[in-house]
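The first chain written gets the first letter, and so on, giving A, B, C and D; residue counts start at 1 in each chain.
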Amino acid sequence: MTETATTVEAEVERHDEHDHPSDRSYVGVAAVLGLITAAEVLTYFFDVGPFLIPALMVMMTAKFFIVAAYFMHLKQDIPLFSGFFVGGIALASIVYITMLTTFEFWDSFDF
Amino acid sequence: MAITEEATKELTKGDAVAATVEQPLGILTRPTSTKGWKSWLTTVDHKRIGILYGGAALLFFVLGGLEALAMRIQLATPNGTFLSAETYNQVFTMHGVTMIFLVAMPMAAAFANYLIPLQIGARDVAFPRLNALSFWIFLGGGLFLVSSQFIGGWWSNAPDCGWFCYQPNGGVIFSPSRGVDYYAIGLQITGIASLISAVNLIVTCLNMRTRGMSMFRMPVLTWMLLVTQFLLLFAIPVITVGLFLLMFARLFDAQFFNVAAGAEPLLWQHLFWIFGHPEVYILVLPAFGIVSEVIPTFSRKPIFGYSFMVFSGIAIGFMGWGVWAHHMFASGLGPISVAAFSLSTMFIAVPTGVKILNWLATMWGGKLTFNTPMLFAVAVVSMFTIGGLSGVTHAMAAVDTQQTDTYYIVAHFHYVVFGGIINGLFAGFYFWWPKVFGYKLNEKLGKTNFWLMIIGMNLTFGPMHILGLQGMSRRYYTYSGGYGFELWNMVVSIGAFTIALGVLTFIINIFYSKRKAAELPPVGPDPWDSRSLEWMISSPPPDHNFDEPIDVHGLDEFWHRKYGYDDDGKVIAFATAAEVAQTGDRTDVHLPSPSYWPIVVATGLPIIGYGLIYSLWLCVVGGLFVVTGLFGWAQEPADDPNAVHDDHDEPGDDGDDAQGASALEQSSTEEMSVDG
Amino acid sequence: MNSRSGRLAALAVLAVVFLAGCASDAPLDSLDPKGEYAQSIDNLFVPVFWVAVVVFVLVFGATIVMWWKFRVKDPSDDELPAPVAGNTSVEIGWTIVPALILGIIAVPSMALLFDIRDTTDLDNDYENLDVVVVGQQWWWEYRYYFDGFDPDVDDFDTPADIVTANQLYIPADQEIPLYITSRDVIHSFAVPNLNGTMDAVPSLYSPWKIQADEPGLYFGTCREFCGLSHALMRTQVAAVEQADFDIWVGQQRQPYTAPDEQLQAFLDAARDPDAEAIEPTTAEERGAALFRSLCSSCHLAEGVNDDLYDGAELVSGAAPNLTHFSSRSSFAGAIFELYKADGSADTNQLEAWIRNPPAEKPADAENKRGMPDLGLSEAQIDDVVAFLMTTGEEPSDFIKQETVVE
Amino acid sequence: MAEAALDAHEHPETNTGMSNSKLALWVFLGSECLLFGGLISTYLLYRNETNGGPTASDVFEIPFTSVSSFVLLLSSLTMVLALSALRRGDETRNRIWLLTTAMLGAVFVGGQVYEFTAFLREGLGFTTSPFSSAFYTLTGFHGVHVSVGIVMLMSLVVVSLKGDLSKERAETVELIGLYWHFVDVVWIFIFTVVYLTV
């Protein structure tokens, strides 16, 4: 029984070391995400011409990184986890963008 | 699901501590037996699962081989009538699908399951029950695919679109039998198995190494298997997307491949080959790993250039993602795409060449014993070289237009798949057989096996180069006289039967050697004077693998415990294997308990598959299996609280992660069953 | 001679046999180029093949040497070899050397790739000629456009100047641009003597080209698995002198014209809805009537049934155009000959074909892929064949002779 | 010494210092990237292949989808709050937030079902065109992921009600949370690429 108790303590200690963000900061992160989403939708409704797609991509990427870094706490976890995630996304992007390129997919956009 | 009770739990042979535990009858009771055929259904021991993979793969190998023989009877002479066009198309498709997905992959999985934990000094894989689940899902998917040959008539419902199943030829209009449905669903099922297994083994390699076993002290085989798991991890979802689209197109009339509605027929090719090319390395890297263990042992030298071997394997793994369109040089891609893929394909030969040369350098100056495993391993070096070199000739895209879809390509990839992979796997069989089963395979029969196979394969696949350059296309169910194909086709057919004799010799050898083994002295832990940790424990290994975790101080730890250097720097033996090896008689190690649920969950998947094809009601039945299985799984702790439970010093015990683990297992499997 | 050099010699002999083995009488042989593109591919393949042979001899030779030199001859010898664990400079060396060799090979390879894919400014006397090659289960259609074909605007339903099947006529020593496509599944167009393969992908028009140095009949095949009768989907390229090609074009651009007035009058009457029908009296007339009534559901013959024909009842929507059927020396995906080597007509195989096509060539007629068994009587078969043999000028003798593969 | 150190713990430290389960989940999420990548690419390739049927701009209701995207985003917040509560040992709050997350997820899936039926009424069937097939497959596949997440969250709520979801098992909640956030991230991508760049 003492063993179990020690483990629990160790666990708690380990978690405390991580220094998890407070609920308040989570709400703040969510508010930022909400704002970016609102900005995205606004960009869609106001004609920004050729900037639409780049602007949307920037905002999407920002949202993506915020969720991954704070909600999925990749910022605190070991880099290996980020490695798997970034690796998967990078590989998927390279492979599928190459595939779409062979279909002359990008010709359909007026850059 | 009948729940049988066997109250005794035997950890090891002659286990005196085996406790009789009172257990309530009921759905949540753990299976406890570790003996008898039933225990094989519930086992979560990575070694037994490895044996199951190997056994199943061998059965499928015989099946795929019989299909090959049927094709060679048909093609031995012009205008053959042994098979009809309908049957031939199914037979060559099933030959490819079987050999790739049901033979080469699970055989590699057999080695991965059996050897990775042993080589890194772990007690089991990270998730023993998930490991069992992988196997049963694989077997269910495999049997599901094979059943297409019998259900609805003898050879009338098997897939007939080739293992690559190009669209729209695999669509309902052009392939109206249910065969392609079996293909699409069956491969999704086996894909789930590969994916779970990949996750499991990656975690095992990253997390469960024994003390001191840093990544760069892992044996080359473990490294190659790890790279393979990464390739599987990322490649399987790609084919899953393709199969998913195909299934929806066929069953629910989705428009993914309907050219008239504006679909792109090349989409399938891309998805298939983005998976398909890494798949080639998924198949070949384990064989490379095996060769990298066998050659040093029988050269009595360390592997030459360990880090080059490891990094070239990683490089192959990476570059394997950038070459897929070389399967599509003639498909009408633009010349710039073709040029880029042509270049990347040529340069993937570099890391492969490094491996070949390093193997030769390992042998150079060694003391070579040419027994059966070594012969197979050396055969890999030269036969794979042929396959690699012919590969360079069609990496040149312009030249490839004369070779693509001819027998030249068939020759090329059979030198890779048979010359490289099957020979490598056979080297592995002969090498690790004494470790796994406690007796050596007979050397005389082994050499007969080797020579029959090596001569047979060269007779079979060598002349295919000529046939291909002479213009014989692949996937022809017949050919006419007058095209110069007669002589070489006859030679090829004779070669195919020679290979079959070789495989037969192997099977005979298994039984013969087992019978003989009773009269021979036990092989001991280290029959070949080997180098890695699996040889430090008794043969066959005890259930718990290692009595004590091994402290690793460098590469080839076991060898360094047997040998050292004298003052002149000469190698001297200062301990025998028996002195160094663990006895394996410890009986108090806490083992993960067997479980019914993996096989229950796995049973559901093929039933859902049949349901999708024949009647959606069956899907409900299959779904019930899956849900029941997952529910039971989630309720069951990873370790039986009633089991003997004295000591926790073994690495790899899930311990108090158990709950988290089972929750994760639940989540991931639920998702995958949805994917499938 | 010791065993080592013996083996090396044997290997060299094997390699020679290997190349020689290819040069036997094989009409699809890719090492027997008969046009500049096939020749340039051959010129790249052969030296690289020899490089590969040398590399293999080195690797295999090294293995043999080690077997001879390093194998344990005395089992009681316990001494272990020096545990050489690697040599970085050697390893870097043999990483770079293969890369260099491949780099050297890559240069001509890239050049050739762009060369054989380049279909602009081809050297021929027909400025705007484009030939659209259409793969179909299980035969090839050739559509000639003398005013050019624009794959971005047109599709293969654009009326072509000539539509023929199975035999592609080209003038010798001229570079002919092709657009390769398909109506159903993916096929692949290969005439190894003249150029490499290009896939026929539905909805794609892949530019390609062929050229034959000399007049002759060159054999081709479908390379990509395309279903049941993939093995029986062949083709031929008839390269003829330019003057003969021009004559052929003149003939092919005309609709069907009967060789005698009586048959023509019969057909004219049959095609004119206002005219009074004439009772057929000869075999050809009965065959023509049968062709109009039965074959029109799939086959078009200009001047015979274009008034009745409205597309083939096949999943792919087309069957071979039979306007000048007997001007081709082969039929049914170029697997059967219509003429004997001596130049005389041989209708036995054609009769067998019409009697029961799926028996002659596997097809899935139930699902509208391939020609069905029409259940004709022997007399009807004779009539249809008699009519079909009136459909065109016979091909040149050399084509008839070479069509017969022995 | 080493032996003693080992005995002090329920299980030895893993090589990475992270639990097997958490590592496995990240490995699995890496794999999922390729899966969704394939479906998204298929959609992108076919986005204009409408086969005479409705186009994306004909049917998409951006305001509606924006709201449901916002709901899903919000559920990520409640998910981290649930985990945070459990780490503090506040099982009741944890349960409430888990339930809220599941409810928000359900609202999202409900919105998707509503959206699908609306599209269906406008003539965009599953088999209408490569565009429609790819659209329904991609979003449906995502919807199934969300639904699986809801089932897992509800299971957690049940476990919690039974009193078995204590502070020590926070990792289970964390893992399901990671999965949930991943599904949210995928939707961030889909919302922008599929809906907004029409």
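Please note the rule applied: contacts are C-beta pairs under 8 Å (C-beta built on N, C-alpha and C of every residue); 3 or more make two chains touch, one makes a residue touch a chain.
In this text, all values refer to a predicted model and were calculated from it rather than measured experimentally.
Peer 1: Please indicate the chain closest to the centre of the assembly, with centres calculated from CA atoms only.
Peer 2: Looking at where each chain's C-alpha mean falls, the closest to the middle is B.
Peer 1: Sort the other chains by how far their Cα centres are from that of subunit A and give me the top one.
Peer 2: Greatest centre separation from subunit A goes to chain C.
Peer 1: So which has more C-beta pairs touching, B-C or A-D?
Peer 2: B-C
Peer 1: Rounded to the nearest whole Å, what is the centre-to-centre distance of subunit A and subunit D, using the mean of the C-alpha atoms as each centre?
Peer 2: Centre-to-centre distance between subunit A and subunit D: 13 Å.
Peer 1: Give, as an integer number of Å, the spacing between the C-alpha centres of subunit C and subunit A.
Peer 2: Chain centroid spacing, subunit A to subunit C, equals 53 Å.
Peer 1: So, what's the distance in Å between the C-alpha centres of subunit C and subunit B?
Peer 2: Their C-alpha centroids are separated by 39 Å.
Peer 1: Touching two or more other chains, which residues of subunit B qualify?
Peer 2: Within subunit B, the residues that touch at least two other chains are 206, 234, 238, 264, 266-267, 656.
Peer 1: Indicate the residues of subunit A shared as contacts by at least two other chains.
Peer 2: Within subunit A, the residues that touch at least two other chains are 4, 7, 80, 88, 91, 95, 99, 103.
Peer 1: Indicate the residues of subunit C shared as contacts by at least two other chains.
Peer 2: Where subunit C is concerned, no single residue meets two or more other chains.
Peer 1: Taking touching chains as linked, do they make an open path (line), a single closed cycle (ring), a hub with spokes (star), an all-linked set (complete), or other?
Peer 2: other
Peer 1: State the interface residues of subunit B toward subunit C in the complex, per the touch definition above.
Peer 2: Spelled out, the residues of subunit B in touch with subunit C are 84-86, 89, 161-162, 166, 168-169, 173-176, 259, 264-266, 299-308, 330-332, 335, 338-339, 342-343, 346-347, 349-351, 353-354, 356-358, 360-361, 363-370, 378, 381-382, 385-386, 389-390, 392-393, 395-406, 463, 465-466, 469-485, 488, 563, 571, 573.
Peer 1: Going by the contact rule set out above, which residues of subunit B touch subunit A in the complex?
Peer 2: So the residues of subunit B in touch with subunit A come to 206, 234, 238, 264, 266-267, 270, 274, 321, 325, 333-334, 337, 656.
Peer 1: Which residues, counting only subunit D, touch subunit B once they are in their complex?
Peer 2: Of all residues in subunit D, those touching subunit B are 2-3, 6-7, 9-12, 14-16, 18-25, 27-28, 30-32, 34-35, 38-39, 42, 45-46, 49-51, 126-130, 132-134, 137, 144-145, 148, 151-152, 155, 168-169, 171-172, 175-176, 179.
Peer 1: Per the contact definition, I'd like the list of subunit B residues that touch subunit D in the complex.
Peer 2: Contact set of subunit B toward subunit D: 126-127, 195, 198-200, 202-203, 206-209, 211, 233-238, 240-242, 244-245, 248-249, 252-256, 258, 261-264, 267, 271, 549, 551, 634, 648-649, 651, 653-657, 659-661, 663-664, 666-668, 670-671, 674-675.
Peer 1: Where on subunit A is subunit D touching in the complex?
Peer 2: 3-4, 6-8, 10-12, 15, 20, 22-23, 26-27, 29-30, 33-34, 37, 40-41, 43-45, 52-53, 56-57, 59-60, 63-64, 67-68, 70-72, 77-78, 80-81, 84-85, 87-89, 91-93, 95-96, 99-100, 103, 105, 108
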